[in-house]
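Here's the structure we're looking at; comments come further down.
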Amino acid sequence: MIDKLRDDVLETMSIIPSGASVAIGGFGLTGVPAMLCDALCQLDRRDLHVVSNNAGIDPTGVGRLVHEGRLRKFTGSFPSNPEFLPLLHSGQVELELVPQGTLAERLRAAGAGVRAFYTPTSAGTDLATGNYPSRYDRDGHVVEWMSPKDVRVIDGQACVLEFALATDFALVKSTRADRLGNAAFRLASRNFNVPAAMAGRVTVCEAQTIVDAGDIDPDSVHLPGIFVQYVVQSKDRRLADPVVPVA
Amino acid sequence: MSIDGRIGWSREELATRAAMDVPDGSYVNLGIGIPMLIASHLPSDREVWFHTENGVLGLGGAPSPDEVDPDMQNAGKEYAKIVLGAASFDSALSFAIVRGGHLDIAVLGAMQVSPSGDLANWSVPGRTPGVGGAMDLVTGTKQVWVLMDHTDRDGRTKLVDHCTLPLTGLRCVTRVYTTLGVFDIAGSYFDCRELAPGVHTQTVTELTGADVAFGHLR
Amino acid sequence: MIDKLRDDVLETMSIIPSGASVAIGGFGLTGVPAMLCDALCQLDRRDLHVVSNNAGIDPTGVGRLVHEGRLRKFTGSFPSNPEFLPLLHSGQVELELVPQGTLAERLRAAGAGVRAFYTPTSAGTDLATGNYPSRYDRDGHVVEWMSPKDVRVIDGQACVLEFALATDFALVKSTRADRLGNAAFRLASRNFNVPAAMAGRVTVCEAQTIVDAGDIDPDSVHLPGIFVQYVVQSKDRRLADPVVPVA
Amino acid sequence: MSIDGRIGWSREELATRAAMDVPDGSYVNLGIGIPMLIASHLPSDREVWFHTENGVLGLGGAPSPDEVDPDMQNAGKEYAKIVLGAASFDSALSFAIVRGGHLDIAVLGAMQVSPSGDLANWSVPGRTPGVGGAMDLVTGTKQVWVLMDHTDRDGRTKLVDHCTLPLTGLRCVTRVYTTLGVFDIAGSYFDCRELAPGVHTQTVTELTGADVAFGHLR
């Protein structure tokens, strides 16, 4: 029998070692697996490669990981956390800056067996031509640049080749989930949680409400359980699901 | 020379002017800042559908404190409402909508625009380099409008012959609304379609770093 | 105001000319826009390039189009309709045979701004090497072969380059739809309807039940209205939606 | 020499034998034909989740006439039931599951299999060339099992040194269950793990078009 529910968050998260690559869902304050990020801090995990759209906008979620200096690399579109830039410019963290749509598509591609794809997004810009710094030394000098991307003209339009972005783990936050890992999300909280879960070789889902198998209508499952390996009950007590009260 | 509040449109007037040009039934993405003002300045006869990158088509206005839904924010990370008939989706489908060419209009702020439609709006030295969805929006959307002050804080023109700041996209902008007027992208020059009240062609010429034509002024 | 509802099926479908490329949703007997296919027949449209997983399994839907000889080309994975093979082998129709997953991904790619992608599926097979006939003359001799596909080795695995498959039109069948084009599907009827709608430059949706805007919960919209240009009421009277009775 | 019904396993027995090897908690796709029989021959202590290409994870058995749901079929276009906890999705996500490597086991029929794991199962001269999802399944799934008669209707072996029919995939099969026994793919030979009751190694050797080793027989 499949039972992906786990009671002990720290024990569940202890499978993620320091140095791992971790895709983390969420956008702004919605759909952020904050409890799982907290667990990484409690477990003192370091040197993480975090893949996430934002680098956090407050000291929770990815923001806390940045604040505590637990990243060796950040891949995302919006590292707008004011704590991030000093870390970048002093060589403590590497940056792979990716357009937001390319990020979502690369994560989905990893989960979908698409090894690489051509998109016009970023063609001709510094992000494609190798003119964007990815790593600095402690004195703020550039020591590495993002790799130039392959270009192919398709139907008269220059397109860059983007590779699938698979990660060792993924952390996602859902509104509801069941023992099979099936998950459903409300409104803007779905965001990167689905592509992140697809990209992670092992995905942990922090569920606001845990429901019985079958409680989520088959047509309303946004993330089929096959993409999720573990489900834990969120300790976030916000009552955001008006249909199903928090258990 | 300082523009803001002295000659031309205010930012509210600029948003109101651009809102007039948004056709009924359009699907539109509004960038953070001045572009977002368009939503509250639409003529009452228009049904316009707003897309937000973080996964909703049918974005509404700001909620009152008791209307706040913790699962609903806009791309600017502010709490937001949805309208009746809205649809939510994940980021991959959200950007499929953007990159697949399904949006009619994207409205963005800018640091520099050239007459060929090149756009620079995401990276200035010393600031946190957030690219967000801008590169996706400018390559995917049918019409890309820029809404901005005509000059920057130091009085330097933002309509330039060639962008010197890092590009967001090449040949992507179709129209520019500045505090001084409305400009179409014409390849080697800006084609001025309209001047803000009280603004003279000479002022525009002086404050623009590329050729401007006024033959289509209405 | 957006109102994509149309009363007159024939008038709506008359925008599709002979010769057009048309992506058609459905798999087996579920999710088939049979009424829209009937309209193409009533309007006597010919020389169509039909993109669909199956070539029909009975004389409805794509099966009727095949039966009446209205195709110049079929792109799909399963041309198992017994009426199809004689047409193929007598030069009356061209075949582009595509693995089912590649077909879904190519349609989605067209709607998602992905111009092409690399996949290991079909690498090294006749479908990739140009050894598969796509067109015969009237005497059954091969006159054209499918193009060989570009190959690139990614992470040690041979992958073929597949291009986005955009079509002039798409015909889809939904369980529910509203005036905005938002559509929802039950169980296995969703299938190719979503990727087909994404691929079509103009998409017509045959809805079993037409509902008011807002009746489909935002989180339950499977196909956002932006992918649909016209909605018509299906005349198929099957009561397949237990939640919402047929109007 | 005709096999069917004379020596080795019947098709039902073959499905039963393969079903024994499906681990509890597996995600499995069953091809049309003999592979589909596995679903009804699983040991009672296994919870196995069946994926169907047309968009459901949690495929159930055949419905009684009054249980038929017109919106629910399996990939063989037969009406089917779903199990509690099933999820439905579109074809793009369905094949993301397949191609993304998320399924544990795909079980297919075959015309020819080689010791290197090459598989031919989709095209024979003169038949309608339906490729369906076979090429996706064999390149995406962790384990690819073939279930088939050991020989074809004319008595020709289906375990061959090199496939002569058009390939579905190269080096993709991991295990073969035939009416005569169970074979692992070993590169240059078939590694026979088990013989069907009453089948002798000599018979297998005679009826196989490639080298067979019996050192791992259990």
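Lettered A, B, C and D in written order, each chain numbered from 1.
Here, contacts are C-beta pairs under 8 Å (C-beta built on N, C-alpha and C of every residue); 3 or more make two chains touch, one makes a residue touch a chain.
Keep in mind that what you see is a predicted model, and the values were worked out from it rather than measured.
Asker: Could you tell me which chains make contact with chain A and chain C both?
Answerer: Chains that touch both chain A and chain C, as defined above, are B, D.
Asker: Using mean CA coordinates as chain centres, what's the chain C-chain D distance in Å?
Answerer: Spacing between the chain centres: roughly 28 Å.
Asker: When the C-alpha atoms of chain B and chain D are each averaged to a single point, how far apart are the two points in Å?
Answerer: Comparing mean C-alpha positions, chain D is 56 Å from chain B.
Asker: With centres defined as the mean C-alpha position, give me the chain A-chain D separation in Å.
Answerer: Roughly 36 Å, centre to centre.
Asker: If you look at chain A, which of its residues touch at least two other chains?
Answerer: Within chain A, the residues that touch at least two other chains are 101, 105, 108, 112-114, 119-121, 185-187, 190, 218-219, 222.
Asker: Using the touch definition from the top, which residues of chain D touch two or more other chains?
Answerer: Within chain D, residues 56, 82, 88-89, 92, 95, 98-99, 136, 139-140 contact more than one other chain.
Asker: Edges wherever two chains touch, nodes for the chains themselves; is that graph a line, a ring, a star, complete, or other here?
Answerer: Its topology fits none of the listed shapes; call it other.
Asker: Can you identify all of the chain pairs that touch?
Answerer: Here the touching pairs of chains are A-B, A-C, A-D, B-C, C-D.
Asker: Where on chain B is chain C touching in the complex?
Answerer: 24-25, 27, 47, 49, 51, 56-58, 82, 84-89, 92-93, 95-103, 136, 139-140
Asker: Which of the residues in chain B come into contact with chain A in the complex?
Answerer: 52-56, 69-74, 77, 80, 82, 88-92, 94-95, 98-99, 123, 128-136, 139-140, 166-170
Asker: Within the complex, which stretch of chain C touches chain D?
Answerer: By the definition above, chain C touches chain D via 27-31, 53, 57, 77-82, 84-85, 95, 97-105, 107-108, 119-127, 131-132, 175, 185-195, 222, 238, 240.
Asker: So in the complex, the part of chain C that touches chain B is made up of which residues?
Answerer: Those in contact with chain B are residues 1-2, 108, 110-114, 178-180, 182, 198, 213-214, 216, 218-219, 221, 224-227.
Asker: Touching chain C in the complex: which residues of chain A?
Answerer: 101, 105, 109, 112-121, 152, 154-155, 157, 159, 163, 184-187, 190, 218-220, 222
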